[in-house]
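One chain, chain A, appears in both complexes that follow, with chain B as partner in the first and chain C in the second.
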Partner chain A sequence: MTQIFEKLALYFTYPFVRYALIVGVLIALCSSLFGVTLVLKRFSFIGDGLSHVAFGGMAVAAVVGVTNDMLVVLPVTVICAILLLKSSTRAKIKGDAAVAMISVGALAVGYLLMNIFSTSSNLAGDVCGTLFGSTSILTLNKIEVWASVILSVLVVIFFILFYNKIFAVTFDEDFARTAGTPVGAYNLLISVIIAVIIVLAMNLVGSLLISALVIFPALSAMRVFKNFKSVTICSAVLSVCCAALGILISILAGTPVGSTIVAADITAFFIFWIIGTVRKGVGK
Partner chain B sequence: MAQIICEDVTLGYDGKAVQTGITFAVEAGDYLCIVGENGSGKSTLVKTVLGLLPPLDGRITFGDGLRAGEIGYLPQQTIVQQDFPASVREIVLSGCQGRRGFSPFYTAQDRQRAARAMERMEITDLAGRCYRELSGGQQQRVLLARALCAAKKVLLLDEPTAGLDPYVTEEMYALVRSLNREDGMTIMMISHDMTAALKYADHILHVGACPFFGAKEEYIRTDLAKKFAGEGEK
Partner chain C sequence: MKKRWIAALLALVTALSLTSCGAGGGNTATDVDLTVLSSTMVYTEVYNMVTTPENYLGKTVKMAGTFSIYHDEKADKYYFACLIADATACCSQGIEFVLKGEHSYPKDYPKVGSEITVIGSFNTYKENEIVYCQLTDAEFV
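And now, the complex of A and B:
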């Protein structure tokens, strides 16, 4: 046991490890906050599509050779989020098809671009890293750390200020609209924020695993808690713990960060699922 | 002046008309029942009055100091997601959202309003319960309490008794009537239950091929009512 702590203490003398932990925890916090809304509004599909778009953006950024790829990825993802929302509110089926088209298209084009233009000798490694986020959280530079921190804090502040509106709009859009709430504007804002979260989370778990990071904590919390506030708080705490645990384990065991965090989330889901089932059984 | 005036309104979706020539006026304190066959456009009419859908033709005006956003709405069935984790208190309180405007948090006044609405609907003891675990009748009371939080003067109810057993249905009607008589709320209610419509309402709007609007007594004398009531009893 002491050996493990010594090893951890040693690792924490490296700034990149500290950065990874701070940024990882913040990103996990943000993504869990909007999990419930995403799941219940059936936005998870869009979230999945957007993460592929973010991958495409990343590929373009790599090819063009932008030093800070967030500058490309963020605007592209936000614009796609707005387009997807607009198309999905028009007609349900067409919206889903549009999501599939954009997401698969972005994935294919992204890979193609990387394949044709990449100067790296380890292409497969690069692609794998972008998809599964193998090490990018550990290679953040100072600017990226600050950008992530600022964006995360903004997302959290937004969530707290608009908590009641998000509830109203998620629970019953039509009712909110009749009561004079500008539902369209809030939907737009929510989807822009989801885009920001996805771009942030890409650093942590890679584009294929983002949905897991967003959805698992919310689903776990919904197994046990019965009101919106407890579910939100529980999924935030859960997500933060799983992220911290996942990062620490991956440092100690040398496993990929993203998949370790998601594995922790899955474990937590099963624990909560059991708790929920047992409780229901006892209640009866 | 009447609170809600519809003049020769055409209802529909995406430019395709569902029903034409709807004309009626609702005065403060009225109890209007909207009847008609399934698919005749009753829910569409309610959504159009609420501004969720644009009228394809004609005019809807609010008068007597009523403004959009001051109408309490009880949607048909619960489109509300079945697995939504929300307590009764949270849902009722969300009825105050409209009057909050851009300010982020509910005030003590809002909480009081929600508490009063819950008391009025006799669901105070359910406040901490999870919405999705309630019975159909309890869920309707919760949504009615939420509508009360939003409403200043008018309640628009879309088949509030659908799926409820006869006893709970009677309770629901009694609640709505007391809101009308004691609290002076204007009621517009869609109902497929002709007996109840004729028992409680003072005005009837029949949506269909040959539309009717007028006082209940007049409606009873029309052939329309006899035919429709006869069908309802079958």
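And now, the complex of A and C:
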């Protein structure tokens, strides 16, 4: 045990480990807060679709040669988030079909562009790293760290300030509309924020694993708690703990960061599922 | 009002925690020992060395990995490198090394693909307008 702490103390002298932990925890916090809304509105797969769009955007950024790829990835993902939201209400291609179409389309075009135009000597490695987030969170530069921190803080501030409206829009849109809440505007804002979270989370777990970061903490919390506030708080705490634990385990054991965090989330889900089942049994 | 205070406090705490993460690192001025780090840490540190070589110039680096060679047939020149893989095993990167003194390949070198540990001074050089990193005056440990 002492050896582990000594090793951790050594690793924490590296700035990139500290940056990864700060950014990772903030991203986990954001994704869990809005994860509850996504799960309750049955939009879980939109996160997955948008993460593939973000991959496509990243490929375009790499081909164009943009130094900070967030400048391309963020607007592209936000536009697609808005399109997906609109498509679920009035387009000819509806719901899951639209998500699937945009998702696989962006993934395929992204990989195609990278194959044709990429100047990288290790294309397979770049693609693999982007999809599974092996070490992306540990290789952020200072600009990316600041951008991630500022965006994360803005997302959390938005959630705190508009908690009541988000609650209303999540549970009963018709009632919220009747009460004078501009439901369309809030849905638009939520989808833009989801897109921001997806772009941020890509650095933490890679584009294929983002959905896990959004869905697992919310579902775990729902096994034990039954009201929106408790579920949101539990989901946030759980997500932050799993992200921190995952990052620490991955740097200590030399495992891929993204999948280690998701493995921690899965373990937490099963623990909460057991707790929920036991509590239900005791309650009867 | 209470929510606004919480939001402002959150922003402040985050900004302070980030500014406290200044320069530093586990590397001393003379030694970067990659052999004591986990594979994820080694991969990240080598990534940093390759992307920001100016931060490591002149430092003595010790690393363990797989021995690899590249033969430039035009110039009939051999390049030797120590390769490391990331945790997903899909990405690998390495650092070239030049042994101290006179040596000939293959007599003085291990088999390609074997595990090696090298120690040398970190430097960069330019070839065809591309900056490469290498460990000079290197020795097998």
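Criterion: the second predicted complex is superposed on the first by the 281 of 284 C-alpha atoms of A that agree within 3 Å, B and C clash if a C-alpha of one lies under 4 Å from a C-alpha of the other, contacts with A are read in each partner's own complex, and residues count from 1 in each chain.
Everything below uses one rule, namely that a contact is a pair of C-beta atoms (placed from the backbone, for glycine too) under 8 Å apart; a residue touches a chain by one contact, two chains touch by 3 or more.
Here the structure is a predicted model, which is why all the values come from computation and not from measurement.
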Which of chain B and chain C A:Thr255 touches, first, second, both or neither: second
Partner chain in contact with A:Tyr163 - chain B first, chain C second, else both or neither: both
First, second, both or neither for A:Phe225, with chain B first and chain C second: first
Partner chain(s) touched by A:Phe270 [first = chain B, second = chain C, both, neither]: neither
Partner chain(s) touched by A:Phe117 [first = chain B, second = chain C, both, neither]: neither
Touching partner for A:Arg177 - first (chain B), second (chain C), both, neither: first
Which partner, chain B or chain C, touches more chain A residues: C
Chain B/chain C common contact set on chain A: 160-161, 163
Complex contacts: residues of chain C adjacent to chain A: 3-4, 6-7, 10-11, 14-15, 17-18, 21-26, 36-41, 43-45, 47-48, 51, 86-88, 90-93
Residues on chain A engaged by chain B in the complex (per definition of touch): 36, 40, 160-165, 167-168, 170-172, 174-181, 221-222, 225-231
Of all residues in chain B, those that touch chain A in their complex: 47, 50-52, 68-69, 71, 73, 75, 79-81, 83-87, 89-91, 94-95, 97-100, 104-106, 128-130, 133, 146-147, 150
Chain C contact footprint on chain A (complex, rising order): 10-11, 13-19, 22, 26, 122, 124-126, 128-129, 132, 134-135, 138-139, 145-146, 149, 152-153, 156-157, 160-161, 163, 250-257
